[in-house]
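Working notes for the structure below.
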């Protein structure tokens, strides 16, 4: 399969009044053509920063791309100038955000907001772009698209706005779509509709999608592969089956265990992972999950485990998978 | 929408009526009358004058007559300058004041928006601090003080521009700049904070993610939204411009309405004072009303009662 | 690639005390007003403003005694002297010492400014508080009345009043407060209305708290901030208004002097080379307005929860 995106050894920090926040600390992953990959993790794990770094829309100051490369279509995006990136954004890579109300210009018609990208990237005339915008609205399932295109964001419902966002992002048929928590702000029924829409469009346009979410249900519904992030690092990556049924990292296991399920005894308490993520001003030297891990070993406190391949295309960063751990008393049962 | 216009208009009329009444009451609450000081006047002449100006009738009747004449846009004759009617006076001097006021307003809006935008785009850097210190000084120095400073150095000492009068375009520079400084500084500060808030909004991120160039983002997306608060404030600014113009016209010897008003105050010329006050108020209330309506047209989010709102 | 570390069997033994640092909360809890003061202190410009105000206040009190002259004695043999070692600010057209008059005028101008702001505050709080408390129709009517009065061009009304009323210190103060209380009333009313909706107020009431207790414990702390900012920013407006009135000849009557009347009297001095007579009081007016504006700005920023660092 063809590789669309390669993120190699990415380090991104933010310079704030209180110091340097090391938000992304050595992230590696690949995205292939036509696949839907999820990046999951709790708030603050670095998933949004990573995705915005691909497009380089982080304000720099205070952000700084310290190290690494992002290879897209054979070129390192981190080495590109702002003007070159402007030609790629919206055209080859599209992005949709979580809050559709604040992500749309309140004083600009929906149709214009879709047409804008078409005029810039595909050099269409004003009217041609407008017609195409109406077509896009129809494609994403907005009824009466010609009337709706003349309306403003506040006249749309939440679900419709999110559809409009998708229309904007896909207008120029990008090869890669980054969706940052697209359904988090929607209620469950609308959520299902939007996911259906995205799945359909993805197949039709053969777009790769990076879906950022903290909702494992959405992951199960939409995605083929999953990347799990914690404290600015990738700690596990694999297919949906690998992650859900054969996880090799205590954090992922903890996440899965904490999902409430039907059939639970009502006296059972919800299982959560003790503690909070580490302070990213001063990230720990060892494994970032050390302070919350029930299976921690001495080596974990001082040494950060690397991502190692477990089985084909299933990677995990945990000392418990090391051969020496499996041999000792601690790691006997594996992870 | 129509309901809104009507209710705003009604409010404006009420306000205007309150002002007219207040002014009338105030003027006539002073004991004596404008002719009392002229002790050499023969009794017969005095009585005739009183009759001519309706000052011999009971107050309530005078009030009614006054309201009636205002409704016909007739402010009556001036007392001190008996050959001129207040209307005539207004007709001659209003264009001058309007010119000064509009010129100052244009300067204030243009440079205020520009300065505020530049400051916001260079947040916490040199141009930002510089502009903002300038702006704070701008709102702290009363316009007439600035006028005297400018007059002293630029006109009197360095002789770059004329000192006073209103003949050539050069004469208009110092007065309009002096008048424009305070509103300009106010607009600059407002624009800056509005722009900063807009630039932090998510839709700016969306525009960036679409690959739009920085200049387009600023002009098309940011500015359009950031300028809205400035529009709401235009009414107040216009009011302050008007009151500021009184003194500026006085200092620079500009034959405008402000000058006429101030002289009328000194002379205790009631028709002039009343007429000017009512006229000014009417203009300002009209302006405020128009700006309110204009704002509802500019901001698409404001859909008033009666507007069509689509369901999901 | 990381450098290879030497792996021993011991390193793979389990550890049981790794949880102790898990629940640390990062920031210490600071009480509200301490935090506000701390943030205000960090704003250098605001601190400059505060210092200037303090200095002005001190000079207003002791200044007139420092020079040895008084503010009203005229001596035409000493008229229009430029600043020198005896008359630090020079003398005016009637031979009066400007230094003394300047600090005497400071008393007048500052007094007018602070008084006007305070009266606006009192009327505003009472009117707005009552209106918000009553809510419903009474509130509606009161706010409409306020709206009509607010639409009246402020300075215009003040000028008219000043024409009619006898000149004097309290007349000016009175005239300036006729419409200035309205923004304050709106502020207070908004807060009262908001407060009434809050659940913790209902909870307090359910626990038997009296209206007075609720007002003291909840309303005052919450509104103090914006009220303080409003007062601080009203003072320069009042000083500006007084200066404008004086320039129109409607200021305090002689022999009293305010910065406004001093500036107005000195207008002709410009053309005969005695600009200092105008610029000294003019500078003092601007300086005072600047100081209060900057302090008010700083207070507003220090109270804004979004700017917490």
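For clarity, chains are labelled A, B and C in written order, and residue numbers in each chain start from 1.
Everything below uses one rule, namely that a contact is a pair of C-beta atoms (placed from the backbone, for glycine too) under 8 Å apart; a residue touches a chain by one contact, two chains touch by 3 or more.
A quick note: this is a predicted structure, and the numbers were derived from the prediction, not measured.
Colleague: Closest chain to the protein's overall Cα mean, using per-chain Cα means, please.
Modeller: Smallest offset from the overall C-alpha mean is found for C.
Colleague: Please indicate which chain is farthest from chain C, where distance is taken between mean Cα coordinates of the chains.
Modeller: A
Colleague: If you average the CA atoms of chain A and of chain B, how far apart do the two points sit, in angstrom?
Modeller: 54
Colleague: Compute the distance, rounded to whole Å, between the mean C-alpha positions of chain A and chain C.
Modeller: For chain A versus chain C, the centre distance works out to 49 Å.
Colleague: For chain B versus chain C, what separation do you get between their C-alpha means, in angstrom?
Modeller: 25
Colleague: Hunt down the residues of chain A that sit against at least two other chains at once, touch-wise.
Modeller: Not one residue of chain A touches more than one other chain, so the list is empty.
Colleague: Show the residues in chain B shared as contacts by 2 or more other chains, in ascending order.
Modeller: In chain B, no residue touches at least two other chains, as defined above.
Colleague: If you look only at chain A, which of its residues touch chain B in the complex?
Modeller: Spelled out, the residues of chain A in touch with chain B are 55, 57, 82-83, 85-91, 94-95, 97, 99, 102-108, 116-117, 120-121, 151-152, 154-155, 157, 159-160, 165, 168-169.
Colleague: Quick check on the complex: what are the chain A residues that touch chain C?
Modeller: Per the touch definition, chain A meets chain C at residues 17-18, 274-276, 279, 290-293, 295-301, 303, 306, 319, 322, 324-325, 327-331.
Colleague: Mind listing the chain B positions that touch chain A in their complex?
Modeller: 201-203, 205-214, 220-221, 224-225, 228, 299-301, 309-310, 312
Colleague: How about chain B: which of its residues touch chain C in the complex?
Modeller: Touch residues, chain B against chain C: 11-12, 14-15, 18-19, 22-23, 26-27, 29-30, 133, 136-137, 139-142, 144-145, 148-149, 151-152, 156, 239-240, 242-243, 246-247, 250-251, 262, 265-266, 268, 273, 277, 280-281, 284-285, 288.
Colleague: Looking at the complex, which residues from chain C come into contact with chain B?
Modeller: 45, 147-149, 151-157, 159-161, 163-164, 236, 240, 243-244, 247-250, 263, 267, 270-271, 275, 278-279, 282, 285-287, 289-290, 293-294, 297
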